[in-house]
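Across the two complexes that follow, subunit A remains constant while its partner is subunit B and subsequently subunit C.
Entry: the complex of A and B
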């Protein structure tokens, strides 16, 4: 099975190797074009209908972002990286922005931190609802799919009100954010929070406490606490196994130290706990949105961008921001002129945040030029894919979609 | 509650037999050990409580003819340590790079090491399942993340072959 086994010296592709197979064991290839697998292939060896070996074969949507980033200006990498998971765009790009800010030695103003936190939580809810909807499809529960995708629209709309784009916001930039929130945003946000709180109870009724669903989820794909730590499972999936680890808790960033919220932790570690985890996280995110909106409403609109960049902006930008030009809208500006020629001091920095699916990590190295020397990206889905290999064997083939869906898979994110 | 300085001191104390060096970095602690001591140092850090790998990354230094391999670590079960990221790094030669695999120490490094294997051509000795992960064999043979692999820019000018679309050719 190792690279040396190949006769020509060239390593084989997964699934293409010639290997001895035991009697009564046969191989099933699920994907990459299967509607349930989504841009990845799972090579499963079955004894009867019990999985004995599972080999996740990923890379079907690999876009070599780490290499592309080495040839682009610092600011142009933000729209590049958010293509990893467009439905979680703020969380995905935030650690890159934070790492570059560490190299530049600047700290965003307080208001920018709250605006970033606000969009992070809106993204987290949208991402969880997407994951739950797909999970519903996997289990043949189309109602949840329709409900979750319908409710996700509320939060996508909120994100559009705040940033101007439904999905690829490019909202956090070095030293701050791209624009301040509109005047009617707090009212809309509170309405959305009230709506979603009621809906979560309905979700529990129709999906999580549904006897059919519970039968399929309970005790399936159990990961113990020590096993989850050993495999390095990230995010809500680790917390469903009893690990109290959340980057918002252990290394608070942006406005999280000032906000009041809980980190839900489940002990069971099965698929049902992972599904409940998402609902409980949405509940906490709604609390955070309320607090952030209250803070933003109470405090004056000053400092959405670091002074270093805002001072160098032309007068036109300031006029547009203050609403002096009638047709141009309010509180919005173009990108700061300094970004175009930005050179980041040489050095190495790493940053992590808690994205929707777990811990998002960036390592950024600069040699003082206008492009990065090296960017290493590790997304939470990439760290969760190892679970398929070690958790699925021993289960029946019919449990594969259950386990797969409960991990909230997202191939574009782990392929990068 | 330990501070970053105290943690750095205790790590250097624990690894003192393996000639550790600290490089300046922001947001994490960068400890470099020689490649022959990498596995021993990793076992020491695991005993300290660093139980999983966040990332295994490599950097190509073309002028120094070296590759740097970094294991970013943190802890799930030890709340004191989970507040910090520590990088255990080593330098290997750029031509025919070999590095002992840390997958036997931290299982979570398995897929990361497979990725660096195909992107940089680093062979991780002792890895249980060292195969390609994301790339096809043809692309992986080029070692795409090394600095001497240069991505060609695509031109903005799209040259369409209008001559080929003469209507008389079709019927």
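Entry: the complex of A and C
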């Protein structure tokens, strides 16, 4: 396509829209690489300091996850997809693993399901704390930033103890998980849970009930229930507007049907409700962690990998698991060499989970080869970003970081 | 018991509550942490974290255990591990023969640990540290000889090992390794379980 000239004489490039702006309306570009916008650019038209038009231009972070996946063996896609949102690694890769398991027609054993659930909830807390920390930066509340990132460390440490890596766990694999929890894990997890419960009350005191912060959040960026449904907003943001939708509720997966927890729903739909939403969700995740850890402790350490893969395991694999080989670590589940060359029966499957930011959906198609024929990903941030266009106009420019932060938007995640 | 939705409300703020409870509450919490802070900052490299055995750090090859099956290179998602052909003396047959052994390129490795987990003879293992520096990119591509040596952990020579323990009141607390082994080593077997 050749560059055309627009009426104003400005070259018009494909994918770029040039419009004459009205008098007294200024176009301000927030980002990319602005502390208030992440990796994206928000084109804002301002009348005075009131936003009249907001156009989120999502840009690039690391494109072609879906396309790359078509050229890689099934198992190699797990670390690849993880990179979409490494702070929520287990939730991001789990639906892929589940979809492939559907194609392979296997179901992970009970213990593996609990271990996956456990890591998913640890990740959810870490992801919410990350979101709250960034929200703090946006509002100039550096205490919240320091606190949230410091407390996130507690859960990152738990995840590290469980999986051996801080962020890129690659924990769920087809048919099971890659590790069992270490011996001191239940004790540590309970300490972390008790700590965080108390800490959340302090978050409320220093941040959410702080009059200065409330003034900036209350009634800002209100998105009504119908509007949220119309735009297809996902996850905690939708629930903050009163939509009772959560994958764990409508289509429970892994160990969730056995666990007792609430799905908090708010009706206000403003930035404050979205901030409270995350606090309430962390509370529920703490309950889930406690229940999962109790269950795991009570039940014998067996069944962390589907029999199809583990049946033929040589004795050495069991020795590694039991920690009989000094240099190898303990409770490590070895992968069968078969995993490297796995061929998945032809078919189509879809799976979804509730990730930290909302529903994570995968559609996987196989034609019987050792690489996927097609993988399609729908990530929550992609669905949430559209809200900026409709929610921000009418607010002042300084409300932009508030609204942006309250949506917990994570640019790399949409870019798949 | 499946999940159930529950309607929550943002606490209402009255004028009095705003002025007194809101501001005062925030101030009191602030003062509390001003007097009694919990610092978890690591003074690297004067201190370094002693990681536990299961940590997915740098990878080492145990040459004698390798059966040249190439599973590790096949599963590597980053194509960091490759097989190279070497002339070795076969002990059983007592003659020289060509065999393939893995080498690693740390420019590419993402430390996913698949290679270690897939090796059928446990010929690969992780060392529990990850903070190494190479002077140039060429040095990050190891040959079979280098791959068999545990990388030199320079920080350990200069720094004090610390570890983080979980605490109900303070979340994570930084303690020196000796302290932590005195506290709770009984429940932590060597390898996998313990942080010491």
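Observations, loosely collected:
In this section, the second predicted complex is superposed on the first by the 394 of 416 C-alpha atoms of A that agree within 3 Å, B and C clash if a C-alpha of one lies under 4 Å from a C-alpha of the other, contacts with A are read in each partner's own complex, and residues count from 1 in each chain.
One rule holds in what follows: contacts are C-beta pairs under 8 Å (C-beta built on N, C-alpha and C of every residue); 3 or more make two chains touch, one makes a residue touch a chain.
What you see is a predicted model; the values in this text were computed from it and never measured.
In this overlay on subunit A, subunit B fits alongside subunit C without clashing. Of the two partner chains placed by superposition, only subunit B is touched by A:350; subunit C is not.
Of the two partner chains, subunit B is the only one that A:230 touches; subunit C does not reach it. Using the contact criterion defined above for the overlaid structures, shared-chain residue A:368 touches neither subunit B nor subunit C, since it reaches no partner. When the two structures are aligned on the shared chain, A:160 is found in touch with subunit C, with no touch to subunit B.
Comparing subunit B with subunit C, the partner in contact with more residues of subunit A is C. Touch criterion met: A:76 reaches subunit C, while subunit B stays clear of it. Contact with subunit C, but none with subunit B, is seen for A:329 once the two complexes are overlaid on the shared chain.
Judged by the touch definition given at the top, the superposed model places A:140 against neither subunit B nor subunit C. In the superposition on chain A, A:102 contacts subunit B only, with no contact to subunit C. Across the superposed structures, the minimum distance from subunit B to subunit C, using CA atoms, reads 8 Å. Overlap of the subunit B and subunit C contact sets on subunit A: residues 244. Against subunit A, in their complex, subunit C makes its touches with residues 1-11, 13, 18-19, 21-23, 25-26, 28-30, 38, 40, 52-56, 69, 71, 74-78, 110-114, 117-122, 125-126, 164, 166-172, 184, 187-194.
Contacts from subunit B toward subunit A in the complex involve residues 23-28, 30, 51-55, 57, 59-60, 70, 72, 76-77, 79, 82-85, 87, 106-108, 110-112, 119, 129-137, 140-141, 144-145, 149, 151, 153. Residue ranges on subunit A touching subunit C, taken from their complex, read 72-73, 75-80, 143, 150-151, 153-154, 157, 160-161, 164-165, 168, 170, 178-179, 182-184, 187-188, 191-192, 194-196, 199, 202, 205-207, 209-211, 214, 244, 246, 248-249, 252, 256-268, 272-273, 276, 280, 314, 316, 320, 323, 325-337, 339-341. Partner subunit B is touched in their complex by these residues of subunit A: 1-3, 10-14, 58-59, 62, 64, 66-68, 71, 99, 102-103, 225-226, 228-232, 238, 243-245, 250-251, 347-352, 359, 361, 363, 365, 373-374, 376, 378, 382-383, 385-386, 390, 415.
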